[in-house]
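Structures for review follow.
Here chain A shows up in two complexes: once beside chain B, once beside chain C.
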Partner chain A sequence: MLPSLGFKTLSPDRRRLAQRIGISLMLSLPCAFFAFPFLWMLFSVSKTNLEIFTPLKFFPDAYSWDAFRALLGGEHIPFVRQYANSLFIASVQSVGAVAVSATAGFVFGRYEFPFRRTLLVLAVFTVLIPRQVLVLPLFLWMHRLHLLDTPFAVILPGVVTGLGILYFTMVFRRVPGHLLDAARMEGASEYRVFRFALPLVLPSLLTYGLIHFILAWHEHIIPLVMLNTETRLTVPLALSSLYGGDMRVPYAMLMVGSLVTVLPTALLYFFLRRHFQSSLADLTSR
Partner chain B sequence: MPYLSFRNVGKTFAGTVKAVNDFTLEIGEGELVTLVGPSGCGKSTLLRLTAGLEDLTTGEILLAGKPVHHLPPGRRDMAMMFQDYALFPHMTVEENMGFGLRMRGHAKREVSESVRETAASLGLGDLLARFPSELSGGQRQRTALGRAILRRPRVFLMDEPLSNLDAELRQRMRVELKELHGRLKTTMLFVTHDQSEAMTLGDRIVVLRDGTIQQVDTPLRLYNKPENEFVAGFFGSPGMNLLPGHVEKDDGGLWFRGAGFRVRIATGEATLRDASGAEVVEVTLGVRPEGFTHKDESVTREGEGIEGRVRLWEQMGSHLLLYLRCGSAEVVARMESGWESAAIPHVGEALRLSIDMAQAHFFAKKTGMRLTLTTAVAS
Partner chain C sequence: MSAQPGLKPFPKAYLAPFLLGYLAFWLIPLVEGFGLSLQSDTRFKQSEFVGAQHYLNLLDDGRFFTALQNTGLYAFGTIAVILPLSLLLASLLRGALGRLRGIYAFLLLLPGLTPPSVLAFLFLMVFSGPRGYLNAGLELFDLGPFGWFQDPVFIRLSLVLQAVWRWTGFATLFLAAGMDSIPRSLYETARSEGAGVWQRFVHVTLPLLRNVIIFVCAFLLLDAFVLFEGAYVLLGSSGGPGDAGLLLVSYAYFTAFTLGRFGSAAAMSFSLIPLVLLMLGVLFLVFGRRRGKEA
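Right after this comes the complex of A and B.
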C-alpha cells in the first residue's frame, strides 16, 4: 500500500498550494530584508533621540505625532515650502526632460541626416561625464544667466539628458514605420506625425518621466551648488541640513521628513505601475 | 492623355544599390495598373516614390501634367493602402477612417457624416467604435480601404493589400476591389507579387525585375506574347516550360533540337530573328502546359512532339497535370479532357506529346529576348 503522506502523493491542488507556500516563504526573506529599514523609519517617528540610538530597539515606548508637528509646523526648517520647491523642480524638470528627449529621440530614431550617428554618439557621451565635473561650468552658466538661487538653475541642467535621447531613439525606432507613413499619406505634417506617434509610445513616456522624476527628486549636488536661500532649498538639502550632529534636533523629525520624501515617488509608481511594467516588458520582449 | 506619368525615374539607395532604374510609364485617368515582379524587384520602392515616402534619385513624376515628385506625401492627393493595413492602433475605426479629413481641417460633423456613409457602404457601420485589435482580417482590410477612399484621392496606391488574407477572403476582396474601381473610376497603382492577382485586377500590367521594366501590356498579351523569357516564366501556373536547345535547317524546314528530342518549327525557308533582325541559332523553346496535346503514338509523327517518362501526375478536377522527364529537361503538361482514370498513364510510363507550334514561343538563349519566326517569300 502506498504511504498516505509525502509530497508525491498529494493531489495536484494541494501540491500547487504547497509550492506557493514554499515560494512565498522564500520570497518573504528578501522582502523582510528590504522592508526592515522602512519599518524602522516608520516606528522611529515616535522615538526620542535616546531610543533611536539604543541598539535593537525596534518599537518606541510611546506613540506621538510631535515629530510631524515639529517638521510640518516649521519649527526648525521651512519644510512645507521646501517640499513644494522639490515638487515644482522635479515635476517641471521631468516634463521638460520627456519633451526634449522624446523630440530628439524621434529625430534620431526616424530621420536620416548628415552626422546623425556622430551627433547621437556625442549625446550619449554626455552620460559618461560625471555630474561633479559639470557642476562648475554649469554654475558659471547659471551665474551668467542670472539664474543662481532660482529653481531654474536646478531645472535647466536636468532637462537635456543623453540617456533620455538614447532611450527615446530606441523607443521611436520600434514604432512601425508604415504607421507613420500612413499618417503622412493622410496629410499629417512632420510635426503632426510626431504628435501622432506620442500615444503609440505612451508607456515609454510615462516610464521615463517617472524615472526622471525620482532622479530629480533625489538630486543633491546640483541644488547644493545652485541654491542658497533656505526657503529655496529642496527636500534632500533641507533634510541634510538637519543632520548636523546636533543632538538637540529630534531625529524623529528626520524620520518624518524621510517618510514624507518617499511619498510622491511611491504614489507615482503606484498609479503608473501598469504602464511602467508594460514599457519594461516591451523593452525586454523584442 | 496620360494622367500619372513617370519619366526616367530612378532610385539608388546608399549610393550604390539601384532599386529602380530608368522607369518610364504613362497611366491614363481611371486606369488600374498592376506592378508585378519577384520580391526585391523594386515595385514597392516605386510605389513609395509615387507616394512621396521616398525621394527620387533621378527623373520626375507628373500628375495631370504637373510635377509632384517634390511635394510631401500629404500634398500629392494620393491614398495608400499598406500590406498590413497600417491602421492606427490607438484609434477606433471611425477615427482611423476620418483621420485624413481631420488632418485636412474638415469640420467634425462633416468628417463624421462622411465616415458613416463610407463605413455603411463597406459593411462597417456597426464597427465604428471598435479598435483595430478587435477586428478580423477582412474588417481591418475594409477599414484601411475606407480610410483610403473616404477623401476621394486622385490616385490609389496599393502595396500588396491582399497578401495577408487567406485564400478565400483574398478572392472575395479581389472581386470587391475590382467592383470598387469600376464604381469610383479612380486611377489605381496596385503592387503585387502574385501573378494571378496582377492578371485578374489590372487593365495593364507592368512586369518589373531588378528595378527595370520587362514589359508593359494587357494581361492577355502578356500571357500570349511575353517579350522575354522572364515574363514568359513569371506568368501562368504552372509556369511556361522553357527548353534550351538550338535551331537547325534540315529536310526542307526549320527544326528545334532540344535535349533528346527534335520538333519542326516550320517548313520551307524560315529563320528565328531578334528585334534587330539578326538570325539567332541558340534558342530557348517556350511551351505553356496547355500547349501540349496527347495523341495516339501512331498518329504523332517524328517532329511533332516530344517523348518523356511520366514522373508524377496531379488530378486537378477540371484538368490533369502531367510531370514528365524528357532527357535532362522537366516538362509540365496540362491535359484538358479524355483522361478517364483508366487512361491516366502510370508513373515511369513513356508518353509522347505533340506541341502546338502556334502556341510555342522562342527566346534568344543569350539575351532571353523574344524571337520572331520569319519565313522567306518564294521569289
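Right after this comes the complex of A and C.
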C-alpha cells in the first residue's frame, strides 16, 4: 500500500487507480534506463564520428541515410551476406532444436520404457555441462567431418539441448490423456498420436523456438571458433571485429549494424508474445 | 491396441534424433575433450599421454586462478543483483496500469533480445567510453575523465552490469508469471491475519516462487560460467589490465586458439565441470533447506 495520507477520502476504485498510476511512474524510470542506450543508438545512426564522441550530444546535426547505404552497400563488411548467414543459422538451429526436443520430450513424457530414467538423467547432464566447455573437441570433430567454416558446424552442436528435452517432457506430460486416447480410438498409431498432440502444445513449441532462436542469434564463441571466411561469419562476429576502435570506420555504420541485430528477435517476440506469456504462466504454475 | 504382454508400444524412432545428436555432439566430444586434456600440447599432430599433468599445471597457474576468481565473482555478482532487482520489478510490473505492462515488459526485455557483443559495444559507447555519458556527467562536477577500462574494479563491475542489463528483463517476466499464478486467496488470508506488504512478500510470495527462483538462479549461474562475449569485445582474449576481465572461457579460448596449446585448454575447460556442478549443488541445497523449514 502507498502511504495513505490523502487517499482515505478517495473511493476504493479511485484509490486503486491512483496506486496503479504511481507504480507505473515508478516503473518507467528503470525501463527508461534499460532502453536509453538503444534510443541513443537510434539517433547516432546519422551522426559523424566527431558528433558520436561529443559528450552529451544526443541529437545529430543533420539526418541522413548514408550509414545505411554504407552498410548495405558492403563498404567495410559484406553485411547483408553475414546477416543472411546469421538468420539461416539461428532459424535452422531453432527449428532443429524444437523438432529434436519435442519428439524426444513426447516419448519421455508419455511412455514408460526401459532406461527411461537413465536417459532423462543423461539429458539433465547436457544442461549442466554447457556446450561452450566442449568447444575444443567440437572444433576437432567438425574439422574431421570437413564441416569447419560452414554454417553446419555452428548449427549441429546447438540442436541437442537438454533444456529442450526436459521442457517438452514436462509439457507433454500435462496434455490431458483422454485427448490422445481419442486419437488412438480412431486407430492412430503412436507415431500419429504425436501429430494430434502437437496443436495442443503449440504455444510451448513457439516459445521454446523463440528462446532458442534468441540464444542462437546471440551465440559468439562457437561461430568464432568454427567460421573464418569473412562472407561466412555471423553478425555478432562481423560487428565485433569492427568494434576495435578503427576511427576510419564510420561509427554511424556500426550503429546501424548494431541496431538491426535487434530486429529479428524483437519482431519474433512481438508476434509470439501471447504464446510466450501463456507458456510462462503454464510453466510457473507448478 | 489390445493388451500386449511385455512392453507397450511406444514411438521408439522419436528418440533416435535425440540419441544420435546426444552421442555425436555431446558425449563423444565430452570423452574426446577429456582425452585431449590428458595429452601433450599439440594441435593436430601425434601427441603423447601425459596423464594429469595439465591439471597439475593449472594448480600452479596464477592466471587460471584469477580467471576462476573473476568468473566466480561475476556469477555471484549477477545473481545477487538480478534476483532482488527482478523481484522488485516483477512486483511493480504487476501493479502497473494494464495497458503499459506490455510496453514496460518489452523495454526491459530489449537488452535481452540484443546480442551480448552489441551490448558490450553500446555499454562502452554510452556509459564509459572516454567521451561517454559517465565521464561527461562527472566532468560537470570537474571530475575525470577516467579511463574506466584501465581500472580493474570497473572492468569487473561493467561485466556484472552488462549481465544485469541483459538478463533482468527475462528474469522479471519469469518471476511476474510466477507471481500471477499464486492464488489471491493466500494473500487475503495473510492480510486478514495482519501481515504487511513485506511480510506477505516473505511468507507468501517467496516460498511459492521457489521453483521459479531456482530456475532463474540456475540459468544465470550457467550463463555466468560460460560468459565470454562481453569481455572479448571489450578487452580481446587477453584479459585486460590486471587480468580483471579474464574469464575461464576466454582464458581457455586464448590458450587453445592463440597459443595452440590444446591439451592445457581442454584441461581448463574440464575443470569448469566440477565447479558448475558444485555451485548448482549449493544452489539446490540452499533452496531445498527452505522447503524443509516450511513443512
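Just so it is clear, the second predicted complex is superposed on the first by the 264 of 286 C-alpha atoms of A that agree within 3 Å, B and C clash if a C-alpha of one lies under 4 Å from a C-alpha of the other, contacts with A are read in each partner's own complex, and residues count from 1 in each chain.
Methods note: a residue touches a chain if its C-beta (ideal position, glycine included) is under 8 Å from a C-beta of that chain, and two chains touch if they have at least 3 such contacts.
Here the structure is a predicted model, which means the values were calculated and not measured.
By the touch criterion defined above, A:178 reaches chain B but does not reach chain C. By the touch criterion defined above, A:188 lies against chain B but remains apart from chain C after alignment on the C-alpha atoms of chain A.
When both complexes are overlaid on chain A, the residue A:136 reaches chain C alone and has no touch with chain B.
Once the two complexes are overlaid on the shared chain, A:217 sits against chain C while remaining clear of chain B. Once the two complexes are overlaid on the shared chain, A:228 sits clear of chain B and of chain C alike.
When the two complexes are superposed, the chain touching more residues of chain A, out of chain B and chain C, is C.
Of the two partner chains, chain B is the only one that A:200 touches; chain C does not reach it. When the two complexes are laid over each other on chain A, chain A has residues 184, 189 in contact with both chain B and chain C. Every residue of chain A that touches chain B in the complex is listed here, in rising order: 176, 178-179, 181-189, 192, 196, 199-200. Those residues of chain C whose C-beta lies close enough to touch chain A in the complex are 1, 7-15, 17-19, 21-22, 24-26, 28-30, 32-33, 36, 44, 89, 92-93, 95-97, 100, 102-104, 106-118, 120-127, 129-133, 135-137, 139, 165, 168-169, 173-174, 177-178, 180-181, 197, 211-212, 222, 225-226, 228-229, 232-233, 249, 252-253, 256-257, 262, 265-266, 269-270, 272-273, 276-277, 280.
On chain B, the positions that touch chain A within their shared complex are 48, 51-53, 72-75, 78-80, 82-84, 86, 88-90, 99-100, 103-104, 147, 151. For chain A in complex with chain C, the touching residues are 1, 19-21, 23-24, 26-28, 30-32, 34-38, 40-41, 44, 52-56, 99-101, 103-104, 106-107, 110-114, 119, 122-123, 126-138, 140-141, 143, 156-157, 159-160, 165, 184, 189-191, 193-194, 214, 217-218, 220-221, 224-225, 235-236, 239-240, 243, 251, 254, 258, 261-262, 265-266, 269-270, 273, 277, 280-281, 283-286.
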